[in-house]
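Letters A, B and C mark the chains in the order given here, with residues in each chain numbered from 1 onward.
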Amino acid sequence: MTDNSTTGSGPGGSLKTYNVSQDLCGGLFLIAVSAFFYWKAYPLPLGSLRAMGPGMLPVTIAVMLAIGGIILVLIGLRNGSARQETWHLRGPFFVLGGVIVFALLIRTAGLAVAGPASMVFASLGSEEFYWKESIIFSICMTIGCILLFKTALQLPIPIFTFF
Amino acid sequence: MRGWEREKKTTMNRTLTAIAALLGLSVAPALAQNYPTKSVTMIVPFAAGGPTDIIARIVNEHMSRVLGQQIVVENVAGAGGTTGITRAAGATPDGYTIMMGHMGTHGAAPALYPNLRYNPATDFAPVGLAAGTPILIVARKNLPPKDLKEFITWAKAQGEKANHAYAGVASVSHITGVLLNSVLGIKPTMIPYTGTGPALNDMISGQVDYMTDQIVNVVAQIQGGNIKAYAIALPERSPALPDVPTTKELGLDYQVSAWNAIFAPKGTPPEAVNKLADALDKALDDQKTKDRLLELGGVVPDKAGRTPAALQKLVETELARWTPVLKGAAGNDKK
Amino acid sequence: MDLVTNLTHGFGVALSLQNLGLCFVGCMVGTLIGVLPGVGPVATIAMLLPITFGLPPVGALIMLAGIYYGAQYGGSTTAILVNIPGEATSVVTTLDGHQMAKQGRAGIALGVAAIGSFFAGCVATVFIAALAQPLTKLAQLFGPAEYFSLMVMGLVFSTVLARGSIFKAILMVLLGLLLATVGTDLETGQERMTLGIQQLSDGIDFAPLAMGIFGFSEIVKNLENPEARDVVRNKIGRLLPGWEDIKQCVMPVLRGTFIGGLLGILPGSGAVLGPFASYAVEKKVAKDPSRFGKGAIEGVAGPESANNAGAQTSFIPLLTLGIPPNAVMALMVGAMTIHGIIPGPQVMTKNPDLFWGMIASMWIGNLMLVIINLPMVGMWVKLLKVPYRMMFPAIGIFCCIGIYSINNSSEDVLFTAFFGFVGYVLLKFGFEPAPMLLGFVLGKLMEEKLRQALILSRGSFSTFIERPVSLGLLIMAVLILLLALMPSFSKQREEVFTE
């Protein structure tokens, strides 16, 4: 049995896969990331061993990571490694989008608006979504949060940035 | 159906935000007369628990009572204090955001940070000096020299072999350390740490040789016998450490006190600044506050030194003092 | 015996009505903020500092201490229930704890965590009372070279706890180290890889990273696979651990307490290493290591005990030397100083009320926490029955508010979203976030110690091998790595033969 190192897909469900090796994709991803860091760290002075400059460690690690990525790609090119799962972007879009909505609204409109807005938006990420339920739940949850964070914990969170 | 419902919500948000902005604008001018009508935020650009933070909290307590409103400390640490000061400098100058700056943020920062986003002399409305903490030259317990004179000889002979610890770029221990080295004409190897705590730890365990730091940080260790002090950079001995000689009596031209002061962003209404300065003055006269500051080994400024004008002058003199000393000390120019 | 008289004196102080009350308040507040994602003990204690002005010093410190170790208890709760580590020390608990929750054994996990923590707390308090001075001397043996080697060992531990490929875990550690380098350089103050973003100039914050990579990516992954998620959620087993479970946990708890207690003394990241080391040890000594990562109860018991023991012993450098080993202790220093007590080596003798009173109240606090937390287990388990479509937005909003409240910064919330996406990508590629997080947490300190060690040795790498403690730690690291890699070699050989 090959190493099934994917987390999250437990018993009862399985996801479709592309016919590409997961390790191959992962390796390419790491190479890309290390290239980015190398590019950013390159102009920094390396210094010497006895007086290491800001650049030395990032560059070294980026190179090591790139080598690791290449090895991973090679492993991925062998037959028999796990396949790459398909991407489902609805989930990330709405859930993370909800977080972004919160970030954008919290200072400009306050928690009273940001709360329900972000929660409803995030809820769209689930396939089970009912408008009325989501809106009512979001508003109740927001009220609860206001009581908890603002009243009980005295945190300085803007509620309504109108007054 | 989902699409337009979402859009409706966004438009509603936008309209509400616009109304909010208009209301906000109309409220602002009324504030200056009855200042302060709500709590004031004081940004302390260092982690809570450190010397500047403690001084801020001690002084704030009484100031809050004088002003009739709470002064709330907000810690915004980072980059030697410049992150917090940058944020405070850009805050709305309505008198409800002020900051506690110190020798590093408002004296040495321009020399150490080429991309500094504020100018200590022109981007602030000075309120007043709060307290200074004198600097001590401390060393590990088993360092051979027995007093300052022997230390100077030793340091000059050791040259690069001496290990001089400091708590990171732009920290008080850094700039005062660089100053000491330039006064003595020595070039030891500088060992950076993230904060005084780790540096003291290594000094106690004997890994590093010496350091210059504020009395608040080192007094307990000296009293407990974990490290030893060669001198204190004050004109007179400190009551907290009566056995430590001053650099003045030993003939060393090294007088440094890490001063901490309150600033407001440029453009803060003068009524607010004056009220703050007055509250600070009363706090520094209050016996309990004074006692707390003195317990720490702090130095309370005299009446003449407490005014906004005196602070502005201090900033300018400090900028002039630190810039030549620190040029090239941070290694920003090595390429 | 001196110890007994001192402890009696301490209990006398701690059992006063006011101090008991303050202890309780501290524990309650601590548990609450531990459970709430984002808001942590540092922020809360900083906020409550002014309130403590009116209180007598011993009482104030008792309350603040209660908040600190209370938060440890609470942080484990979110780690188990929703895969969100409240603090770096709870990361390990997510590995098996959350898996147990998914299998309907949340109650058992929570119970074991509470009981293990209680035991560890009591023992650690005894450590502090009896061995404070010798333990401090032990910590003094650690210079930069030793710290670096210790952290290398810690990183090796984190690869051991990988569920899948160890090679991929090593790559994740490297990625974490790389992320840790973002920020301001230690020596020159230069900004590294901050892309000109002001918020990054002090590096990436732990909370947005952890919440994004663990919390949100878990949510997104769950949404992807609704059938898998619902099947297991409907099984709720026992609410509290039974004798079988407890018997399995005795040795892990003992080992975890010892490991965590020792590591917690080391200033800096010592306390974080405790749970990781404990997990690695448990996985190695277990009869069936493949259970780990899938809900092994030892994987919760050991690290939780290590976690709490470390939280208690991290008070030692504060109480004996006056030097705070981490941000929370630095706040305590502030609190002490404001109350006119200068923390330092003489606190033990000059302020026996404070020293022994705090130690006694730590014991009392642990008792209060287990009393508060155990009954709540039932409530938490019921909460898990909420339909996921409502639960995840609720988790989301708590996280967002929590993250926002740390620095009043909406940029932090944006970062969380970004890391959430990164975490999803990593999971998709079959990588594990836990080793990356440890690499990140240790990275800054590792770099600092590496540079310091090299400066002190004037550029010579042999310093790591010449110094005995450092050498010893590095040898252990190599051994552990070899031990970890060997089973996978023999497994591969088996595969070749069976195929």
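In the analysis below, a contact is a pair of C-beta atoms (placed from the backbone, for glycine too) under 8 Å apart; a residue touches a chain by one contact, two chains touch by 3 or more.
These figures come from a predicted structure and were not determined experimentally.
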Using the touch rule stated at the top, which two chains are linked by the largest number of C-beta contacts?
A-C
Mean of the CA atoms for each chain, then the mean for all of them together: which chain is nearest?
C
Chain located farthest away, centre of chain C as origin (C-alpha):
B
Chain B and chain C, separation of their C-alpha mean positions in angstrom
31
I'd like to verify one number: the distance from the centre of chain A to the centre of chain B, where each centre is the average of its C-alpha atoms, in whole angstrom.
37
Between chain A and chain C, centroid-to-centroid distance (C-alpha), Å
22
Listing for chain A: what residues touch at least two other chains?
53
For chain B, what residues touch not just one other chain but two or more?
334
If you look at chain C, which of its residues touch at least two other chains?
187-188, 190, 408, 451, 455, 458
Could you list, by residue number, the parts of chain A that touch chain C in their complex?
1, 3-15, 22-23, 25-26, 29-30, 33-34, 37, 40-41, 44, 48-55, 57-58, 61-62, 64-65, 68-69, 71-72, 75, 82, 84-85, 87-88, 90-92, 95-100, 102-104, 106-107, 111, 114-115, 118-120, 122-123, 125-129, 133-134, 137-138, 141-142, 145, 149, 153-157
List of chain C residues in touch with chain A within their complex
32-33, 39, 44, 47, 102, 163-165, 167-168, 170-171, 174-175, 177-178, 181, 185, 187-188, 190, 192-193, 195, 216, 218-229, 231-232, 387-390, 392-394, 396-401, 404-405, 408, 410-411, 413-414, 416-417, 420-421, 424-425, 427-432, 447, 450-451, 454-455, 458-459, 461, 495
Which residues of chain C touch chain B in the complex?
42, 45-46, 49-50, 53, 139-144, 184, 186-191, 198, 201-202, 267-268, 317, 321-325, 327, 330-335, 337-338, 340, 342-346, 407-408, 444, 448, 451-452, 455-456, 458
State the interface residues of chain B toward chain C in the complex, per the touch definition above.
47-50, 53-54, 57-58, 60-61, 70, 72-80, 83, 86, 112-113, 115, 163, 168-170, 189-194, 197-198, 200-202, 204-205, 207-208, 216, 219-221, 223-226, 292, 295-296, 330-332, 334
